[in-house]
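So, here come the structures, one by one.
Each of the next two complexes has chain A plus one other chain: chain B in the first, chain C in the second.
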Partner chain A sequence: METLRDAFDFRDFSRIERIVFLLFSVFLLVFPWLGTGSFVKAVMIQFLLFSLFGMGWNTIGGYGGQVELGKAQYVGIGAYTVALMMVWWRIPFWVSMPIGILIAVGYSFIIGYPLFRLKGHYFAIATICTSLVLQDIFINWKLVGAAKGIELPIHEHPDFLYMQFKSDTHYFYFIMVLFFAGLFYMNWFRKSKLGYQLRMIKDDEEAAESLGIDARWCKIKAYSIASAFVAVGGGFLAVYNLYIDPYSVMDLDLSIKIALMAMLGGPASMWGPIIGAAFLVPLDRFLGSWLGGQRGLIGLDFMIYSALIMVVSAYQPRGIWGILEQFRRKGA
Partner chain B sequence: MIILDAILQGILMGLLFALVALGLTIIFGVMDIVNFAHGEFLMIGMFTSYWTSLLLHVDPLVTLPASAIVGMLLGLASYYWLVRYLLRGPMIAQLFGTFGLMLFLRYLAQFLFGTDYRIVQKGLVVGKSLSLGPFIFDLTKLSAAVLSLLAFLFVYYLLHRTKLGKALRATALNKEAAAYMGIRTDRMNALAWAIGGGTVGIAGGLLVNFWYVYPTVGLLFVMIAFASVALGGFGSIQGAFFAGILIGMIEMLFPMFGHLIGSDFLGPHFKFTIVYFAYFLIVVLRPQGLFGWKR
Partner chain C sequence: MALLEVIDLVKDFGGVVANNRVSFSIDRGEIIGLIGPNGAGKTTLFNCIVGYHKPNSGKVIFKGREMTGFKPFMTSREGIGRTFQIMKVTAGMNVLENVMVGAFCRTDHRPSARKEALEILAFLGLEDLKAYHLNELPVAGQKKVGLARALAIQPELLMLDEVASGLNPKETEEMVNLLKRIHLEKKITLFLIEHIMEVVMPISQRVIVLDGGEKIAEGLPKEIVKHERVIKAYLGEKYAQGL
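Coming up: the complex of A and B.
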């Protein structure tokens, strides 16, 4: 009960933040009726999906301060569990998704146990390695479709059991519900015991350990929470795209994008991942469709994108949220 | 015999891996920064060699100085225009900064040269082989290995027998103490980036003789370099040398091993997977590596 109250309690935010959040929620609710084109709708779905990924990453990467660059493997686990169970045994989404989460969490414990012996650069590179190993296995594993990937059987639309729809509106509301569930969870998480412990570990691990916090175990727990978040997003990706392959759901680029959005928006803040996704997803999409479509300009969109990353990491490591807070403090 | 052959081939490849890892380990040793863009430096070195040999109609081996100079300039530019600012931020910003550089260089290459796979068609050593008794070596790999070894020894000499190298190593050991002794550590950082870029540029120039060049070629080699550096110990130069050779041998022996026991699952598709896996095992079991002194 108290947990629920904590999750819906936004009182410790400033009034501006609460108003903006409320307006934003209303905007999301009415968005499908604004008569926007299918491209904009697809961008919005991507935005919500990446916000969800980013919130997951924020638990371990933001609050925990661990540079985690292997989240794509859990996107893959979630997506593959949903897709394979649907293809092999025709198991509905609502059964396969929890199983996918369980597999992701179990796998994250197995991987996390040795992984969190490492710190700093060693940890960051090791997370990339685990993700690449899993991707290589899936690329060569004939049973799960190898490099060709798998196509999901298409159902009569709309199907709420298998979560397959013809219109993007349904998908939009589906991911929006997941997004808000994630948001309320994060609101609870940042005030939970684990949340405080993680922030302490981030600031000074030795001091935290001397106060009796088991730093490694805390990190593993946060890592598995992050994995669960990301696996849900992966499951959504499977039913949304109706086709997955190891390159689209397990690529290093995806891991980087996830971490980057949270990082750019502002790590260890409630709104950071959302701001980051709201900024980068449309940038990525519009630049991609504007420049990427023109012949002879391949890669220019990513050049602008990566130049931005370099500038932000060099001048404001606390991300866009850090810049906003700076302005607010100057104004006040 | 077949195993001995694989070992020898592995050593040849390993010498090149060692040269790639050298720059990474020097940069890490001097300033505690992991350069994700290292593989992209290699790619730029490969493209430099490729285009100079193609446009000037010279042998790819002659273009090595060009690759080295381009690599050095790239290293210096990265240091002065990006890494200097990253040093002020936390570790995560440094990681993302060099990661951004990696993406930037990769897509710059894609923008300029397209996504085609290119390979050097003719050259002094391209496509020729040398048979020594029962062993047949590709002349490209042999020359790459010998020249890598020479470049490696040159850098080793530079670091261990000259005053400049001594200053660089002093900066790596203790930045503040080095600064008190009158060493301009800022310049030493730049030197580390110049050496790192230069060596990896040479490695790119050597690699282009027998490897396809395309904008995303760097990722594979940067992961191999990470594994070599982790195995040898971050910051250790001898470590990078032996670890590079060891990784080269693993990469050649592993498919052989799978072939011998008749298992398809341990086939050549996984020869680089095993490198990633090796990195994971090494850093978990022995974080300081074989010769490491930094943790």
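Coming up: the complex of A and C.
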């Protein structure tokens, strides 16, 4: 009961934040009816998906302060579980997705246990490696389609059991529901005991231990929560794209994007990952297609992308959200 | 039964012996001072007791139970609180949240952790600072927050590592009064490393002196200041004459 109340209680945010959040929610609800093209809709879906990824990353990376660069392996686990179960045994999404989450969480405990013996840079490097190893295994594993990947059987009619639809509107609402579920979860998480303990670990791990906090266990827990979030996103990707391969769902590129968006938006804040995704996903898409496709300036979008990240992180390590808060503090 | 018992504790850092067969015991309700020149092994001894270092040999017994080699989070859950000589000053959490983290050691329930934290802040006279971040506070404030945090885990033994260093005389006096109140009202046994004699001598019931990793003396403060080896190693002739 208390948990539910915490999840839906936004009273400790400022009035402006609540109003913006409300307007944003209304905007999301009516967005498919605004008559935008399919490209814009696809960008919106990507935005919500990466917000979800970012929120998950934020538990261990933001609140816990651990530079985690291996989230793609969990996208892969979620996506492959859903896809393979559908192809092999025709198991519906709503059964395979929870199983995918369980596998991701189990795997994250196994990986996390040795991983969190490491700290700082070593930890970051190790997370990259574990993800690359899993990707390599999938690239060479014939049973799961190896490098060619897997195509999901296409259903003729919209199917809620397998979450297959013809129109992007359905997918939009589907990911929107997941997005809000993640958001409410995070609203609970940041107020939970684990949330407080992680922030202490980030600030001063020695002091945290002196306050009865088992730092390593807390990090493992947060890591598996993040993995569950990301696996859900991966499951969505499988039914949305109807095709997955190790390059699209397990690439280092994806891991880095997930971490960067949350870091740019503002780690350890409620809105940070959403803001980060709202900036970078459209930038990634529009700049990519405009500069690369129409002007022939392939690669320029990546330069702009990275310059932006450098500027923000040099100016305010707490990201765009940190800059906004700075202005608000000065104004008040 | 002694609250804390340390028996023949040895810690050696690859050749440098930081603690050599140190033994002592602390009874419930005592205030014990630990003094010694720089590099005497005081902080190492603290770290061995609470588990940041693993002693090479020897035993640490707390409440009759051996806990040599326990991790720091285990010793703190058992009831040993500690403060740090140098506190990391960060902007991540405000004062109230810092103390709440300590209170979460004994409860999973946020409102009760908050209530407990507010009570401790009131006890230490820090209510007005609760919304500030550590980096916005003067040293005295930071030290008090460290104290509040450690108190929030409801320790039976509180180990303070140079809690008065960097404070001016007025703040030092305040801190001494605070420690007396913690001892008296909260009934917490205190074990303090201290360089400032004005802090350690008046409040300690017993003083342990370390030099070069070995315990060279133990006794009442007035005995310690007259102890020949202590004067030679640490206090200097002047202090002995002045007292």
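One rule holds in what follows: the second predicted complex is superposed on the first by the 329 of 332 C-alpha atoms of A that agree within 3 Å, B and C clash if a C-alpha of one lies under 4 Å from a C-alpha of the other, contacts with A are read in each partner's own complex, and residues count from 1 in each chain.
Operating definition for what follows: a residue touches a chain if its C-beta (ideal position, glycine included) is under 8 Å from a C-beta of that chain, and two chains touch if they have at least 3 such contacts.
These numbers come from a predicted model, not from an experiment.
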| item | value |
| --- | --- |
| Clash or fit (per the criteria above) of chain B with chain C on chain A | fit |
| Chain B versus chain C as contact partner of A:67, first or second or both or neither | first |
| Larger contact residue set on chain A - chain B or chain C | B |
| Which of chain B and chain C A:108 touches, first, second, both or neither | neither |
| Chain B versus chain C as contact partner of A:300, first or second or both or neither | first |
| Arrangement angle, chain B at one end, chain C at the other, chain A at the vertex (C-alpha, nearest 10°) | 80 |
| Partner chain in contact with A:193 - chain B first, chain C second, else both or neither | second |
| Chain B versus chain C as contact partner of A:96, first or second or both or neither | neither |
| Partner chain(s) touched by A:130 [first = chain B, second = chain C, both, neither] | first |
| Which superposed partner A:267 touches (first chain B, second chain C, both, neither) | first |
| Contacts of A:210 with chain B and chain C, given as first, second, both or neither | second |
| Chain C versus chain B - closest C-alpha approach in the superposed model, Å | 11 |
| Chain C to chain A touching residues, read off their complex | 50, 52, 71-73, 76-77, 81-82, 84, 87-88, 90, 92-93, 97-98, 100-102, 104-105, 108-110, 113, 146, 149-150, 152-153 |
| Of all residues in chain B, those that touch chain A in their complex | 28, 34, 82, 85-86, 89-97, 99-104, 106-111, 114-115, 215, 219, 223, 226, 230, 234, 269-270, 272-273, 276-277, 279-280, 283-284, 287 |
| List of chain A residues in touch with chain B within their complex | 61, 65, 67, 69, 114-115, 117-118, 120-122, 124-126, 128-130, 132-133, 136-137, 139-140, 252, 256, 259-260, 263, 267, 297-300, 302-303, 305-310, 313-315, 317 |
| Chain C contact footprint on chain A (complex, rising order) | 2, 6, 191-193, 196-197, 199-200, 202-204, 206-215, 268 |
